[in-house]
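Structures are listed in the sections that come next.
You will see two complexes here that share chain A, one where it goes with chain B and one where it goes with chain C.
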Partner chain A sequence: MSRNGPLALAYHALFVTFMLAPILVVCFVAFTPEGYLSFPTDRWSLRWFYAIGRYPEFIAAFWRSLWLGALSSAIAVALSVPAALAIARYRFRGREAMTALFMSPLMIPHVVLGVAFLRFFTQIGLGGTFTGLVLSHIVIVLPFALRLTLASAVGMDRAIEHAAISLGASDATVLRRITLPLVLPGLVSGWALAFINSFDEVTMTVFIAAPGTETLPVRMFLYIQDNIDPLVTSVSACVIAITVLALVALDRAYGLERLLVGRSGDGR
Partner chain B sequence: MTFLALEGLGKRFGSHVAVDGLTLGVEKGEFVSLLGPSGCGKTTTLQMIAGFVEPSAGAIRLEGRDLLAVKPAKRGLGIVFQSYALFPHMTVAENVAFGLEMQGVAADERRRRVGETLELVGLAAFSGRFPRQLSGGQQQRVALARALVIRPRILLLDEPLSNLDAKLREEMQIELRQIQRTLGTTTILVTHDQAEAMALSDRLVVMNQGRAEQVGPPHVVYERPATPFVASFLGRTNLVAGETVRPEKIVFAATGLAGKVRTRIFQGNHWLYQVETASGLLTVIRQNSGEAMPGEGEQVHLAWGKA
Partner chain C sequence: MSSLASLRVAKAPYLLTLPALLLFAGVVIAPLVMTVLLSFHDWGQYKGIEPVFVLKNWHEVFTDSYFLEMFWRTFRVAFFVTLLTALFGAPEAYILNRMKSPWRGLFLLVVLGPLLLSVVARTLGWALLFGGNSGLVNKALMSMGLASAPVPFMFTETGVIVALAHVLMPYMVLAVWAALQRLDPQVENAAVALGAGPFTVLRRIVLPQVMPGILSGAIIVFALAASAFATPAIIGGRRLKVASTLAYDEFLNTLNWPLGAAVAVLLLVALVAIVVGSSRLVERRYAQVFG
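And now, the complex of A and B:
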């Protein structure tokens, strides 16, 4: 049995090319000295990387995106835990409705969400605030957090908790010593996926963010509307480099497959 | 007074009756098995004793006190689950120590008792391992140690040996019986394996469709099954003129029921016969004593002592 026939190999090669080519091109362009996007080129320069230093709003937007992603994902995960445990264990009235409600942001176009949040936040006085950003991002990353949390909650043998109870553990102890540690891999993966989605979000955020609360993608989006120079490519290259470093670090610490697939690594 | 009493215990799931008016008394130190086909309500019964399923009828008393009023965490029962349900993120020693920790036993004392109990189940060398690093039989013994170490008032075992291969299962049966004898812990075992139930128990409860069909010592239940269901569930039986006759009780004799050997199968320590008679096809089991036995197609006479 040959798993990698010529066709499969060609397919994989094409797939990887399509995935990686744009990223590589962006990285190449980041090192060009020209004042416009030029590719290919044979001259190299770090000019556009130094240029980032002259735009502190990019740096600020980067940190804001990090915080926004970290915070909204953490809150989304915290909300997911009780929801996932309830959905996984109990057949209660409104269970389907609750699942559908939590998953619904996946179905609504982000443009629509953006317009809706813009109106809503303006009405309640949260227009253009970081709080507004966090709230809206919680909504869009919740499905991702819930998916993976739910997967690990469903996969858990209830008998394990029953065993702890029969040994005299209180409900709180069971939650802290047994349930949470066992769903932790799902929580970590859910958080990571939520973070990536938050960090990446531009369609909705561009409506909500104001000067001073722009996220990195929004800042870049606004920049290329007025400028044609390769600054955004050098910013992108930095983000790519940080992402790669983070993935390597995570892989060392956890194992990437386990993290992204949300599989618990202790092979029960 | 009866140590543990199930009084008219019942459980229905919607319109389905899983356990139907089960009444049973268990004495202190006794080993009782709930035996019956899949879906007859054994696990449900055990879970009601453990407190994880709420009965829809009846009462459970432990030393005369209403057990249903006690929270599952306060019942002080040791449970070995069919899936073992070990804590996968804790080592063997931590698994076993968990119950003692919940009881507030001091660290020194805890360590000593964990060591003792692991010694008892033959796993002293494995205390630092995680459950995933153990074989099925070893995991099963950890589950047993975890349940025993808290000195439970009752040990509840839900098909604890069903995941093991035949040889290991037999070893574990012997070990389980020895441990239970040594500690004198009142034990209720759930199983659908009749050999296991008969090998281990002081008394059997043969269950069918949520009811106890017969309760008694294994040899009594086997020799004098109260209902056709019990007779057919416990080993091979012949039904001759409304009477059940165990295949190993039938001998070849000079006179008796005439028949013709249809098949003869050699099974090492015994021969298995199918004999055509006027009362239908009868199964006969004879010990292999090395003597010549009737062959296929031969005319024979069958006799058995009246029970």
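And now, the complex of A and C:
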């Protein structure tokens, strides 16, 4: 394959600058020693990181987001594994319609889901509750969990299971010792991708979170709506740092290209 | 096979999908149906929501020029965001694809990684870069001679479009990247061997083959841009309303839920129509080439 010329590389440098600039700016401003938004020039300070400790709302929202992401992703994966096995192995009436239904939260704008959940949860008495948040987050992260579990269920070698059965293993043993270990990589990466998406979700959650059940992105959004000060940049810098660490770990463990592009990278 | 065993096989897929199906019936289909019904209910400042069947909200959404202007703005912003991502994202995907091993993986991570970073944090970054007349973007534009006076970005459509193009760019690069992976490099080499210049190869060989990728990326970006919330809310401010921020206002500030529901349902219907329609068009156009 031919190589990139100097013009292409210059374009690439500009493009990368464009992609990174807003992220880096947030991280820089977070280290300002001043009481207002400014770029730290000669002095760096951690004062705005310490200041997060004086805002219990941010800390509480962070832990809530963490629990919400972990719990809803775990339930989404638990629902996805049997569904993925059914879709991968059986040809049954309604198979395509069901797959489309489970993938539909990717298609439906989150603002519409937010409106719908607000109405629905208020009607059934779950308005502004953590239970409501978990239910809604299971729905929006399930497509991610299903896509990755489905990819590993489709790619599975059925001969191994047949060998186990012919050697006298019971159905339960086959499931526990053969099937589940084989879908485990898809299951773990599906959970991770689901978690990241739940942890970042703001558009839908802003409709259904009440004071006391606000997630971190919602708390940050509402804070920014009122005013932008260095405190919210230091909170954002922490969120960015955590996500980047998770991303690098995920890239090492599974490969980001495979995770995002899907099956095309499987053969490598 | 005994009838009992075949019954077990026939039932198995339904039993396996049942838990997820129940959840989706209860927590996706029911709320969406309720929202459609809600859009036909009446509402008053003092009486609240009245569960009657009226066309008032739909009449208002379709006839009031305020809503017309707002929906027009929503789709105009989405169109320009799509155009920007296609214009700048597709070449970048092509350049990435030509890179060698360590760089390729590294820059793919740099370009696609932001997809998974908090939208609020990324938008905050743009708010800082735009910030007033002394914002970094304006300083850069003026020092390069691209602008003689500070360009207003905050609370303008231009600002929303630039920030949204950044937020959604990875989807376009991803779609074009996926299309490039299916491309056979031998065809390019054959064209070069037959005497085609680099520009001809790009125009006659590469572009036609990645066009389906660009178009499917465009559909995703358009749909996400038209329904984006956090970025237009932060960069656009309280005045520059798009469909999703207007629905938010009706639901959480004005408390006119039926009207907000009508706006949301109309956005959903318009988007589904556009996405399904253009997907069909793309498939039909390219079925002849690749079928």
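Quick notes
Note that in this section the second predicted complex is superposed on the first by the 221 of 268 C-alpha atoms of A that agree within 3 Å, B and C clash if a C-alpha of one lies under 4 Å from a C-alpha of the other, contacts with A are read in each partner's own complex, and residues count from 1 in each chain.
Quick note on the criterion: a contact is a pair of C-beta atoms (placed from the backbone, for glycine too) under 8 Å apart; a residue touches a chain by one contact, two chains touch by 3 or more.
In this text the structure is predicted, and so the values were computed from the model without any measurement.
Contacts of A:Val111 after superposition: chain C is touched, whereas chain B is not reached. Residue contacts after overlaying the shared chain place A:Leu182 against chain B, while chain C stays out of touching range.
In the superposition on chain A, contact of A:Tyr11 is made with chain C only, not with chain B. In the superposed pair of complexes, A:Ile23 makes contact with chain C only, with no contact to chain B. Partner contacting the larger number of chain A residues, of chain B and chain C: C.
In the superposition on chain A, contact is made by A:Ile165 with chain B only, not with chain C. When both complexes are overlaid on chain A, the residue A:Gly53 reaches neither chain B nor chain C. In the superposed model, A:Asp157 lies in contact with chain B only, and not with chain C. Taken together, the two complexes place residues 264 of chain A in contact with chain B and also with chain C. Those residues of chain B that touch chain A in the complex are listed here as 50-52, 72-79, 81-83, 85-89, 98-99, 102-103, 130-132, 146-147, 150.
Looking at the complex, you find that chain A touches chain C at residues 1-4, 8-9, 11-12, 15-16, 18-26, 29, 37, 79-80, 82-83, 85-87, 89-90, 92, 95, 98, 101-102, 104-105, 107-120, 123, 135-136, 138-139, 142, 196-197, 200, 202-203, 206-207, 217, 220-221, 224-225, 228, 232-233, 236, 239-240, 243-244, 247-248, 251, 256-257, 260-262, 264-265.
Those residues of chain A lying in contact with chain B across their complex are 157, 159-160, 162-170, 173, 177-178, 181-182, 264, 266-268. Looking at the complex, you find that chain C touches chain A at residues 9-10, 12-14, 16-17, 19-21, 23-24, 27-28, 30-32, 34-35, 38, 88, 91-92, 95-96, 98-100, 105, 107-129, 131, 136, 163, 166, 169, 174, 177-178, 181-182, 185, 188, 192, 198, 223, 226-230, 233-234, 243-244, 247-248, 251-252, 257, 260-261, 264-265, 267-268, 271-272, 275.
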